[in-house]
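For reference, the structures are reproduced in the following blocks.
Common to both upcoming complexes is chain A, partnered first by chain B, then by chain C.
For the complex of A and B:
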């Protein structure tokens, strides 16, 4: 522990670690020192001068080096002649700080008066009005009147789009550089900067597309005025009209803690609707940040395309029916199918849903399958992060290995935290077939050929060749975290990769250690929870579905994902689908059961770091849909198993009783919070921004099986992938993940992030493209095994390795893993 | 006793002025600072609405009688001079206590309490006054809203006010 320093702030004696800034020391002691440019997550710059205080230090006798004492034997304090910025000076022993002398208050008043010289004071229509630090601090410290002339106010542009997500109001900007520094220091995507000087100074973006960053929304939280606002929340509501509902982001396995702000709205027919998604502090998960996908991608929950009533197939197609009619039919067919039932669940479901589905399936003797293209969850259950781990604690002496993952695209906030750990001195090793946005922070980079991830990992483990140094760093690291993703990989490949990575962890004796472990970069947010509830991926999914007496599909769209699965579903005895939307699978179904969105109910998700976190209902569910766990419970009741269907909290009690890893868990425990630093929240928003503090739970991290059951073993019945042979004239297709995919949960947010969405295009090295006979921007038809995709645009990128074609997932190219594809020029033929 | 009482009445009848008026044919003048039913005002010259949909009246209202929902103006469809206008504005007259706080809170002097006190309803729903009911008629010379306006004229977030103390 760092040395402690004791100082006095306004007659209060405060003891803080050495190196703490005065402003933070005061904040910790509950003393307000107003700030604008300082932010506890960033380096101080001392630009705004709002935090001026009087600083006194003990006088030291130059001759003896001893403190000078006054008549009472107390050290004499010498105050510096000028006020100092408390955000730039670290504490020192015996320091005396005064924050409320007339000089200091005068300084605060004058700084505010200056800041307001050209401020438009359009608070009434400003989206920040009501939660604006400038507004709050002006009320608390400002002069109330200005001595400057109204006519001298600058008139500047009020509506400057910095890209299509964030708008800048130049008049409101107080030039604190928080946004610039966030992009530089925290994200290291320096796309914002100052331009011009003096009164002409302004914020500009230099990137193309403008403000090109997945974290841009966070700048609107930390901007101390309404200069940066989001397009999504523009004039949507005043902050005081909003209700706050704790939630968990459902877009990726990081599981960022969020707050959903809701209000009732005439535009939405008088319903409660989510108006914005804000970060909720959890220093163990997302700190105070979220990515733009999480912030803007929530619109699917309120989409008008939701299914609102159960449907049953009759002569005229799927027709809306009552729940009883639909469930009667399901009951009858389930009884017939019995052990021939196959339940296929997607990783978007909550733990409670998965548990109930699993119980019903087990009762019938059916199979529980997980729809995922990333496997290896069994290894993560066993060798995942030890209980009490925090990526934010990794630093000097630790090692992080990221293999086969474009982490920024697959899980942005993990990317951010891994990068920050590398900044703190952790040895980052990146093993990936192509350069990614993680490379600049890596101490060791190794680009292997697509398909050779296992060999690459083997070379690292053995310390061969150029990897010798990396292997040494890995061996000597105190803690080791391994991320494995699905860059160019499918289910079988990721499963094999997880096994090797787990071997590396276990072999070095780090199994189950705190701050060490294996993390799978899943494509859904709760894939790990599905593993925990007993669902497993199946290599021959098409076979399992086509041979099933009844396929019960929840939150998955196999037919939309691959034509082979679509064909298989046609052969299934009976098809029951429960989902939010009429997916392709739902359109084929015999019975469709409408499910509630995560905003309308409660439940828990298990994040990739094995943290069980709770989300709360934010808006009323439309009449019709039920929570997935209730649907499963109703079905269960009919086929003879009694399950909890009314309250998710009670389902969790049942989970705790029957799933060993969840033993002892309940909602109260998951909702526990503890003191977090820095202080974020309503009263302190000038300090940490408008993100929300966490009253609703930090979640509970599960203990990996390697600790609870040291002798257990992982057994997986999945064949190792055969090496892919690429015949003459074909090319190796590697599926890759793009953050803004065209998936079900993002498409309804098209209006806002549409321009940045992955398009129906594939990426090639220019030479490879030329060899295949295609130039950039030509349109082709891809032919894979059992599928074709036409109207695909060719894009070239010098940085890509040769002889491989990168295809983004979920843009309608159904490749689920690496495969050999042929390209044909697109002849004008109607699309299938 | 009885006679004395009747005499008093008779005296008053003959000598004192009537204080009652024949309402509704005859209406009593109200004081200048009387607080009656609200009016949403327009700008005299253009007919544009003064309300910018800021919800400050809603926030100030102690009776929670006001509901405001804002939308964005464009030059093709402009309701108010600034960037934002109230797309929904409702006051529940059964809740209102006619305190006038909304008037005090309004930065554009859009909502004012008029001298109209004739508020009676047959059911609760009709006590909710919508924006159409509250908006004053288009002044002569002005145009009704929404208006098409030339680009570059209304560039301010909120309309310029000559002197905020006016």
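For the complex of A and C:
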């Protein structure tokens, strides 16, 4: 631990670790020093001068080196002749800081007065009004009146799009550079900068697309004025009208803590609606950040396309019916199907939903299948992060291995946390077939050939060739975290990869250790929870579905995903679908049951770091849909098993009683909070930003099985993937993930992020494209195993390895794993 | 290799050789000067090419252009005539001097002559206050200083530059 330093701030004696900045020492002691440019997550720059204080240091006798004492025997304090910026000076022993002398107050007043000479003070029409540090600090420290002429104010552009997501108001910008430094220091995507200097200084972006970063929304939280606003929230509501509802982002397995801001609106018939998603501090998960997908991707919950009543297939097709009628039919068919029931759940469901679905299925003797293209959850249950782990603690002496994952696309905030760990000195190893945005921070990079991920891992474990040094770093690391993703991989491949990665962890004696463990980069937010509740992926899903007496599908769209699954569902004895939307699968169903969105109910998700976190209802559900756990409980009641259907909290008690890893959990425990640093939120927004502080729970990390049951073993009935043979004339297709996918839960946010969404295009190395007879922008038809996809555009990228075709997931190219495909020109030229 | 790199390959390689490879962004200033050599401004393509060569973001390169007053992102005259009209120079008649030049060139402050040769601008202190009126000419990749000027001497400088351009045009025609 760092040495402690004791100093006096106003009348308080404060002891803090050596190296602490005066401004932080004061904040910790509950004394406010106003700041604009300083932000506790970033290096100080001393640009705005708002944090001026009087600094005194003990006088030292030059001859003796001893402190000079006054008549009372106290050390004499020498105050510096001028005020100093408290954000740039570290504390020192015996220092005396004065934050409220007349000189200091005068300085505050003057700085505010100066800042306001070029600030429009258009608070009444400003989105930040009501939660604006400049407004707050002007009220608290400003002069109340200006001696400058109104006519001399700067007049600048007020609606400058920095891309289509973030708008800049040049008049309001106070040039604190927080946004620039966030992009630079924290994200390392320096796409914002100053242009010109002095009074002409302005924020600019030259990237293509403009403000090209998945983290751009965070700048609007830390901007101390209303200069940066999101396209989504701009002019949408006033902060004081908003209610805060704690939630968890549902877009990826990081499980960022969020706050949903809601208000009642005439426009919506007096209903409560979500106006924006804000980060909620959880230093163990997302700190005070979220990615733009999480911020802008919530619109699906309020989509007009939601299913609002149960439907049953009759002669004229699917018709709306009452819950009773729908459930009567489901009951009857479930009783008939009995053990022939196959329940297929998606990783979007909450733990409570999955538990109840599992209970009903078990009661009938049916099968519980998980719809996922990423497998290996059993290994993560066993070798996941030790309880008490925090990626934010990884640094020097630790190692992080990321294999087969384009982490920024698959789970942005994990990318950020891993990058930051590398910044702190952790040895980062990136094993991936092509370069990604993680490479610049990696100490060791190995680009293996698509399909050779196991060999690559083997070479690393053995320390062969160029990987010798990496292997040594891995061996000697204090902690080791391994992320495995699905770059170019499907279910069988990721399962095999998880096994090898788990072997590497366990083999080095790190199983269950705090700050060590295996993390699967799932494609859904709660895939791990589904594993915990007993759902398992099935290699032959089509076979399982076609042979089922009744297929009960919740939060999954197999028919939309692959024609073979669509065909299989046609064979199923009966099809029950519960979902938010009329998916392709729902359209085929015999019974459709409408589910509530995560904004309308409560529940828990288990993040990829095995943290069980709670989300709360934010808006009233429309009449009709029910929470998935309630639907399952009602079905259960009819087929003879009593389950909790009224409240998610009581379902959790049942989970705690029957799922060993969740033993002892309840909502109270999950909702516990402890003090976090830096302090952010309402009163402290001038300091940490307008993100929310956390009163609703930091969640509970589960203990991996390797600790609770050291002798257990993982046994999985999944065949190892067969090596893929690519016949003459075909090409190796590797499915890859893009953050802005065209999935069900993002498409309704099209109007915000549509321009950045993955398109129906595939990527090849230019030479490979030429060899196959295509150039950039040609339109082709892809032919895979049992599917074709036409109208696909060819894109070329020199950075890609040869002989592989990258196909983004979710754009209607149904490949679920690596596959050999053929390309045909979309319009065949007539034969000469 | 991008277009800018190809155009000035030798020069760029020489410049880059002065810096350790991991610090190559230090070469941003000389490369910007190079980009300005032919037409006295840095085009968006050159900006992007420099960013690529130095592995910087385009925004960061642009920010350097924005910070320094001697880099331009707008295409104007081949020669920029920059007259100091700050207080000390004004006391030595810089303002009337400036007006005289404007009149002679037929443009107002910040304007460019129709032949695209000259842009005339007022600038802040050029650090030659005691030798005012003073101006500098930026163009053809160079900056030349002219101190203790009168309208007449300045016009000679301008005439010489014009003559240079005419000669060049002639020799180009001759070559063609």
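Basically, the second predicted complex is superposed on the first by the 827 of 832 C-alpha atoms of A that agree within 3 Å, B and C clash if a C-alpha of one lies under 4 Å from a C-alpha of the other, contacts with A are read in each partner's own complex, and residues count from 1 in each chain.
Just so it is clear, contacts are C-beta pairs under 8 Å (C-beta built on N, C-alpha and C of every residue); 3 or more make two chains touch, one makes a residue touch a chain.
Please read all numbers here as calculations on a predicted model, not as lab measurements.
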Chain B versus chain C as contact partner of A:238, first or second or both or neither: first
Touched partner set for A:125, first chain B, second chain C, both or neither: first
Which superposed partner A:196 touches (first chain B, second chain C, both, neither): second
Touched partner set for A:267, first chain B, second chain C, both or neither: first
Residue ranges of chain B in contact with chain A within the complex: 52-56, 58-59, 67, 69-72, 82-84, 87-88, 107-108, 155-158
Residues on chain C engaged by chain A in the complex (per definition of touch): 47, 56-63, 65-67
Contact set on chain A toward chain C in their complex: 189-197, 202, 204-208
Contact footprint of chain B on chain A as seen in their complex: 120, 122, 124-126, 129, 158-159, 169, 234-235, 237-238, 240-241, 265-267
